[in-house]
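Mind looking over this structure? Questions follow.
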């Protein structure tokens, strides 16, 4: 059974049909790419999957559980984590605390215990620090742990967003244009990181990307979106050589 | 990695300890000056107000700096704490010793202010920015308005209240009027003093600083920095906003308790519980540094002291206060001034502190 | 008849709120700042007319014109000295500075004119309107206030829509940087906004003091807050919204004073504001803006 499955997903804004009859099926452990021209509705699909928008029709299934119409935090708890196209970090918090915020639901203690520093506070905070540092190491960010997130270089900020998403221990990771604004070297490094995340954590990843080098380099399957509808889907090479796709990107 | 963690803990802890130390040191110095007779009666009369404003400034900083929402209604929460605790203390003036009575009054003031903060917070925290500011201002005014119109009395049959006048309370022979409408509460026991005030500042600091460094505080600051991202990692935005706002209101209530027990007559005037007071508290917070708890205390004390120090200038003092306020705001916040200061600092330190070190 | 009289008084008060709210909303809409000192500019406008008419024996109309000039210069100066250096700083910093300016104006007035209440001479000397054989008297100042505020509301709407500078204002309010790139003088446009807002404040001051003839350094403070509430009520940034918000606020305030409780009237006004904002978080005519994810 597929890890993520959507059936006939659709949403309109005003009179505009942003996404129509969207079906996708992502297998566990897959690196799946969602591509398409600007304005095709890619980020809207991410917003549907994470409960930012409620679909007008259709269903979203994660591991067989119906998540349609659930709230963002419930969907996070169910196991979908994401990054954002325009980076959204907790800029004034240290890098370490950004990741610790991601661990929030997995390391509970009450506000009362926190204020009066009861034993569980110390124990849990220590565990959180260890876990967060472990994640920062994976992304090569451990030396920045003390810095404010907003002072990180751009490429590191993107990585920190992935680290924070991974801290929620998701089943499915959504990456929204992870290579946007990166130079070729940074992109290459990012590709290694994404591959590493998939292998190391046995993660399923669905990503939106415009950088064709990245897409063809790491994605195993692709779905091409055009005007809110699926243009074609299948193996990366087959899809990329499809004349329909080339036409959609380059026009007539 | 172990070492780093230790370094990290000690860094924030050290900062917090400096704040506690500053308060204790100030207390000791003041006590020495008082004992040696170097403090004028004017300043002695200001000691409890210093504590009151420091506490309410810390409380508001929790809302403005940590939660990142603008409240112009904190004087209202102070008002709730002041009146509920004053009514309690007045009712048990003869039947309870001062110490436990004040302690219970404190709990009552904090709890009712928390309750009102919670009830106000539920609808209000859905709004954003300036709208939230105006609605909190409105709530503050409503609270002040209602208390001004409220008559409350107690007799053998229990509590009576009305919005009309003292007679409509229909009290029995043994009845006592506790709140007399616009005349407020008279005869509250003077249970607070400078020492109590400083202890309450320390308790407030303890609660707020520990809150900030806890899991809950981190969630609140995450929401402040980016609500959408906080939601995406499973943080319940409404819940944590409400926790922070309620705690902040409750601590403002504590300041109100301190205020009420320093006066024999308590009125809800525009001056002490109106929006002007809320704004004044906001001025403390902004000048002390948004999110900077220690700064709030310093600003509250200095700005309470300033008009009194300028008293010799009589009519000009508030004028000077206003000019100082404007000048400080421009100096602290103007992009040009910030750039200028940065360059001066670089020149003084012989070039280049990097961005990261600055943070 | 008494209901009609209360209603009319409410509309009269509401028109004054509307005039002040128009100034608030213009400045907020374009400069994106809450000019807390706006109410105090009104007070200065009131004093200017008072000095002109009572001390210098000027013709009321001439005094009003001079008062408008005084307020315009004042508004532009405040903007130049106190607010412009903070362009681009945190909105909170600008808000506190505006509060500082408010204190400053109040204390200047206190020093110059003293704290005693000045009896303001009604500058509207037209005869009152008597209806139903004198059962319902509408004061001339009420009529003038309503007419003036309607004319100004319409005038401002046309000004913003039709003139070049009005469209520049719209552009600046949408996006300062883009407007600058399009060759719009952003600082100049904001200065003009303050000039207009402040000259409106002068008119509001005259009408406020004519309807409620007592003038102190704090006269502008509470009406200023109420007008701010009115602007938010109607949807801050919207010119018709400010007008409707102002009228509604005045009517509600007067009716609740008359029929419920004069002590609780402010509480009622504020409660209604809260209810409106909870149902419609950006006010009656405000634009809904959704954050893009």
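Labels A, B and C are assigned to the chains in the order they are written; within every chain, residues are numbered from 1.
In this text, a contact is a pair of C-beta atoms (placed from the backbone, for glycine too) under 8 Å apart; a residue touches a chain by one contact, two chains touch by 3 or more.
Since we're looking at a predicted model, the values are computed, not measured.
Chemist: Work out per-chain C-alpha centres and flag the one nearest the whole-protein C-alpha centre.
Modeler: Chain B is the most central one.
Chemist: Centre to centre, using CA atoms, which chain is the farthest one from chain A?
Modeler: C
Chemist: If you average the Cα atoms of chain A and of chain B to get two centres, how far apart are those centres in Å?
Modeler: That gives a centre separation of 41 Å.
Chemist: What's the distance between the Cα centroids of chain B and chain C, rounded to whole Å?
Modeler: 31
Chemist: Taking the mean of the C-alpha atoms as each chain's centre, how many Å separate chain A from chain C?
Modeler: 49
Chemist: Residues touching two or more other chains, restricted to chain A: which are they?
Modeler: Residue numbers touching two or more other chains: 52, 84.
Chemist: For chain C, which residues are shared contacts with two or more other chains?
Modeler: 293
Chemist: Residues of chain B touching 2+ other chains?
Modeler: 228
Chemist: Which residues, counting only chain A, touch chain B once they are in their complex?
Modeler: Going by the criterion above, the answer is residues 50, 52, 72-73, 76-77, 81-82, 84, 88-93, 96-98, 100-102, 104-105, 107-109, 111, 113-117, 121, 124-125, 128-129, 133, 142, 145-148, 151, 164-165, 167-168.
Chemist: How about chain C: which of its residues touch chain B in the complex?
Modeler: 28, 34, 36, 82, 85-93, 95-97, 99-101, 103-104, 106-108, 110-111, 225, 228-229, 232, 236, 261, 263-264, 266-267, 270-271, 273-274, 277-278, 281-283, 291, 293
Chemist: Show which residues of chain B lie in contact with chain A when the two form their complex.
Modeler: It is residues 1, 4-5, 8, 11, 206-207, 210-211, 213-219, 221-222, 224-226, 228-236, 243, 291, 355-356, 359 of chain B that touch chain A.
Chemist: What part of chain B is in contact with chain C in the complex they form?
Modeler: 64, 70, 123-124, 126-131, 133-135, 137-139, 141-142, 145-146, 148-149, 163, 182, 228, 275, 279, 282-283, 286-287, 290, 315-316, 318-319, 321-323, 325-326, 329-330, 332-337
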